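What follows is subunit A paired twice: with subunit B in the first complex and subunit C in the second.
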Partner chain A sequence: MNAMIDPADVRSASVLEVSGLETRFGAVRAVDGVSFAVARGETLCIVGESGSGKSATALSVMGLIPSGSGRVAAGSIRLAGHGELRGLSDAAMAEIRGRAIGMVFQEPMTSLNPVFRVGTQIAEVMRRHEDISRSAARDRAVDLLRMVGIPSPESRAQDYPHQLSGGMRQRVMIAMAIACDPMLILADEPTTALDVTIQAQILALIDALKHRLGSGIVFITHDLRVVAQIAQQVCVMYAGVVVERAPVRALLRDPLHPYTVGLMASVPGTAPRSGLRRLPAIPGTVPNLAALPKGCRFRNRCPRAFALCAEAEPPLAVPANGDPEREVRCWLYVEGAAA
Partner chain B sequence: MIDYAIYRIAVLVPTLFAVSLAVFLVLHLVPGDPARNAAGPDAEEEDIALIREHYGLDQPLWTQYGTYLVRVAQGDLGESFRSRRPVLDEVLRRLPATVELAGYAMIFAVILGVGMGVVASMRPNSWLDQIIGALSAFGISVPVFFLGLLLMMVFAARLQWLPPSGRGTWSHLVLPVVTLGLPYVATFARVARSTMLEVLSEDYIRTARAKGLVQRAVIWRHALINAAIPLVTLLGVYFGRLLGGAVIVETIFAWPGLGRYMVDGIIQRDLQVVQGCILFFATAIVVVNLMVDLLYSVLDPRIARG
Partner chain C sequence: MTAPLLEVEDLDVHFPVFRGPLRRRAGTVRAVDGVSLRVMPGETLALVGESGCGKSTLGRAVLRLQEPSGGQVRFEGQDLLHLGKRDLKAARRRMRMVFQDPHASLNPRLRAAEIIGEAFTIHGCTRAERDAGVAELLTLVGLGPDFAQRFPHEFSGGQRQRLGIARALALHPSFVVCDEPVSALDVSVQAQIVNLLMELQERLGLSYLFISHDLHLVEFIADRVAVMYLGRIVETAPAAALFAGPLHPYTRALLAASPSIDPDRRAADAVIEGELPSPLNPPSGCAFHPRCPHATDQCRAEMPPLAALATGHDVRCWHAADWMAAAPARAEALG
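So, the complex of A and B:
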């Protein structure tokens, strides 16, 4: 915890509150009743495998689910000072995107427009949302490049994306996302495509910016080592639902859901008794979202599944006799359910 | 950039040399005696021999080509067997008419075609997209001479809204420009639609939306400039075909341009005229393609430094 923000304030001052979010692509419920909240100055990590619905969740918040293929079918997305976002017209959402919510994507190599100079692309956000002259926007773009740690920002601003490395491009993306001091930053696996050393730099940068800007951050990743470095709160997603939610230390110290346990065991160095041995992998694959089995979505991969798991889906609830700040979607932690 | 331009211009020289050789050989190897043709059906053998000597047609082929090349290099395309006037003067006199026709047809094709393609790409498979697709199929498949006669019949003969032929006011331009441009409207619409669909699925378009840009800015600024690169290539390729089409359109609408001059030259077997016109057309196509390549590097910064 940093000294600037009192955890008690953090709880009450949510920037983003998502509840019961359901996003469908045809018959597939990519996001199936997801709820979470992010406070100012807090980083919430959404963790899960590919196909767990993490990216679809972020795109739903942005209103960027491609209208031809999917839609936000139910739930509520509330942004501080803006109220309910679901149901807003695309034009109204466009006012919010880039201004109140900044987003950083996974693919730094392809997420910048190849035909415009990077300075121009950053300045464009401010030109769009603020009453600012072309030259003032350009100057601020240079300031932003400096802020995200790009050396000689004046000349880099004149570069085209192909002249920059992946790490530099991701810094440009971050500069673009924070250009209008957004209250919320969505980062969708921003370090996945980068080298490990660059990864660490980008994580440190995002963390530093959070302290500086006081924005809330939703950080999507599949990498628990990243979670350990950056998160305060963690949501673990599996097959479109949140299976576990907890403060980061509690989660890493004592994972409850068998899926979380499996995820942690498959990360080198985090599992207990790590010696010379094969890393365990979670057996099986994510179920087909178009034809989900009855009961718990994880049961056919779960080492601790029992009869009840095949019959009904467990609720996301505070574990019996457990930490009231945590929630887990597993029958093992429901009083009287376990055999 | 400058180096690249100089390099490209230098490469033009051997290209044009090859073109001139090809044109010369083809025209001199076709059967028929140009001198006999020039002299007319009732000419005496002596007169024909005189003409042959005057134009150097009695020399060996390679000598003729050498002389021809030297003259062309000096800007002399020879003189017409019929009118006895220098071919270059005649070409330059008719050039503005052809530039006007081809230029407007190209502008018409680009603006309408790209516009239609972009609109179609914004809502793929909508009714609007399907109508545009059907119109494109029509535009691509209908032959120019048929379209020209059809338009002339309807708008000039039947409705009498537009003059059927000749050059002068803007109303004279409408039918030839539409006739010449329509197939390219269709082609550009198709290519613009498919490249826009491809570009719109790129990650940087999602970024542009994430910045809060409105649809208009996303489509016409972020997407279209990227889609323009293949379109500009097409522009170069189709310019040549457009000039070919101009030959037909000028003949249909009695448009006093280069195309008709060349067709008259062909009918009258006026060797120097045909040779001069083809060389001129070929040069124009090569130069336009050079300009397209240079424009390419302006549009795409990745090529400029490559």
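So, the complex of A and C:
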């Protein structure tokens, strides 16, 4: 299906390459120069709080920024075999979504059509993108439901979304996302609305499918524990920019950016227990994206900020004397910059 | 031994279910079914479980925001379920609630001073008492009196939850039900609010019934933990004992499913199958048996009692003694 990809560079080549992405909603720079790449069979987690720009990044990649309120102002979004996506017509993007890019959202109830049976909705995705008969599509829908772990898939295919539990609806969403063997799966907080036992099931399913299909996955979450469970690569976003990028082990064992350090420490159970029953909290809140402070975006909340941080924004760069596989946007790691 | 602040005995909250064009009674959902628990002064009892297990209904029933169908609630020595309107209103000065969603639980058309001040007005305080109280509460929760004239939309999520806490603390309660108070907040803000709740508890001697699905948070904040499944408590223990040696297979599954922040401890192997059964048609015997890897014929036939296995450690499982004997390993996934 993805015949345009040369199998020889399946491992090394990126499925998706985003560079210099800028997305604006009026004066709000929701995404302000974001670059990342995802390889086949790799899960990249984009982690951040609300207002970090993580969801706007995902919407930009999918071409789903509502044209009335926002626009992708700069940068490039390249999908293997399809080239540059930015600037494609809505019709061309609609062809790519669902076929080359599968999508899974946080709340499956709002992404599924309540008046159609779930089997029909999955079959519809294939009918739209592939030359396949109605009955063949229906059979494959049942196969897909089985593949995502839905018990008695033949009868479940006849159910309407409201007849399914939240976990089952998310499985249906995943079945729809993988219906056309996408090379990229974009999942935006897919387990946030689910209970922990169901979350564990869905994370295991996504990971198993990745191995089976070899797709690249962009997984957006606010939860560092979920990152630990599913990611190979991680981008930490803050106020519209990537502040740290690293392989998952390096990031969670040895976070560099003061924001990542603070975020990890504030997760209960990660910091060593002290006599005083308090969590190490990051003071303050995320800055207003329409009126960003000069210099580093995190400096007002940063315990290690110094004079230079107020003057200029640090670049995202390999840390001085550090691991060449990671990058951090902080003056502390720029040679000669720290006081 | 000091007397418990709150004592819940065999509490039921049952909802009739009507179906079909004639709205015939199709059955009963036992949202809370024979729950007993105690909260001591200054203590945090955490109530954990998945959505639909009845933990929020229990929290509301304890305050009589939801009328229980049976059982007893004693608060500060009073039989809460048989109080008249006037006495109930008086008791409610002492027992308050913090809600999950600070966006939905604050009236957007009222200023902060009015939101907090409402309680003073309802309970017949003077205007001067009210104004002084509002200023004091705003300071107490770390906002400051400058915020008094602002509307909720002018607050960030964390500030809004501070406002919700200030409202709950008006009139000096001794007991606060916190229903998922931080789960709608950003991670970095969650820690601020958790710290505020703990600081207030120490300063004011508050008792909390802390309802949460986040086991890591519960381990940090709770003195004791009660685990609910399908309307019943399946395990209750001091927090340290529960997290070090969970005995009920459901508690173990919850701990195992709760993701670790260590990328080398992935939970995939520990995943339990299935989902919470319908409370309208609960399984026979032990409600957990369809998902339990250790279920036996006895589990399928008979509901086990909540039995004490160690001091303060009660478990509703026919095989709990076996798990106890098998030197419970700390749930691998947590940490």
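Rule of thumb we're sticking to: the second predicted complex is superposed on the first by the 322 of 339 C-alpha atoms of A that agree within 3 Å, B and C clash if a C-alpha of one lies under 4 Å from a C-alpha of the other, contacts with A are read in each partner's own complex, and residues count from 1 in each chain.
Definition applied: contacts are C-beta pairs under 8 Å (C-beta built on N, C-alpha and C of every residue); 3 or more make two chains touch, one makes a residue touch a chain.
Values in this document were obtained by computation on a predicted structure and should not be read as measured data.
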Fit or clash between subunit C and subunit B when superposed on subunit A: fit
Which of subunit B and subunit C A:Ser50 touches, first, second, both or neither: second
Subunit B versus subunit C as contact partner of A:Gly262, first or second or both or neither: second
Contacts of A:Asp207 with subunit B and subunit C, given as first, second, both or neither: second
Of subunit B and subunit C, the chain that contacts the larger number of subunit A residues: C
First (subunit B), second (subunit C), both or neither touched by A:Glu124: first
Touching partner for A:Ala281 - first (subunit B), second (subunit C), both, neither: second
Touching partner for A:Met62 - first (subunit B), second (subunit C), both, neither: first
Which superposed partner A:Phe25 touches (first subunit B, second subunit C, both, neither): neither
Gap in Å between nearest CA atoms once subunit C and subunit B share a frame through chain A: 5
Overlap of subunit C and subunit B interfaces on subunit A (superposed complexes): none
Subunit A-touching residues of subunit B, taken from the complex the two chains share: 124, 202-204, 206-215, 217, 222, 225-226, 299-302
Complex contacts: residues of subunit A adjacent to subunit B: 62, 64, 68, 90-91, 94-99, 102-103, 105, 107, 110-115, 124-125, 128-129, 160, 162, 173, 176-177
Residues of subunit C that touch subunit A when the two form their complex: 50-51, 156-158, 186-192, 194-195, 198-199, 213-217, 219-221, 253-254, 256-268, 270-273, 275-276, 334-335
Partner subunit C, residues of subunit A touching it in the complex: 49-50, 165, 167-168, 195-201, 203-204, 207, 222-226, 228-229, 231, 248-249, 252, 262-264, 266-270, 277-283, 285-286
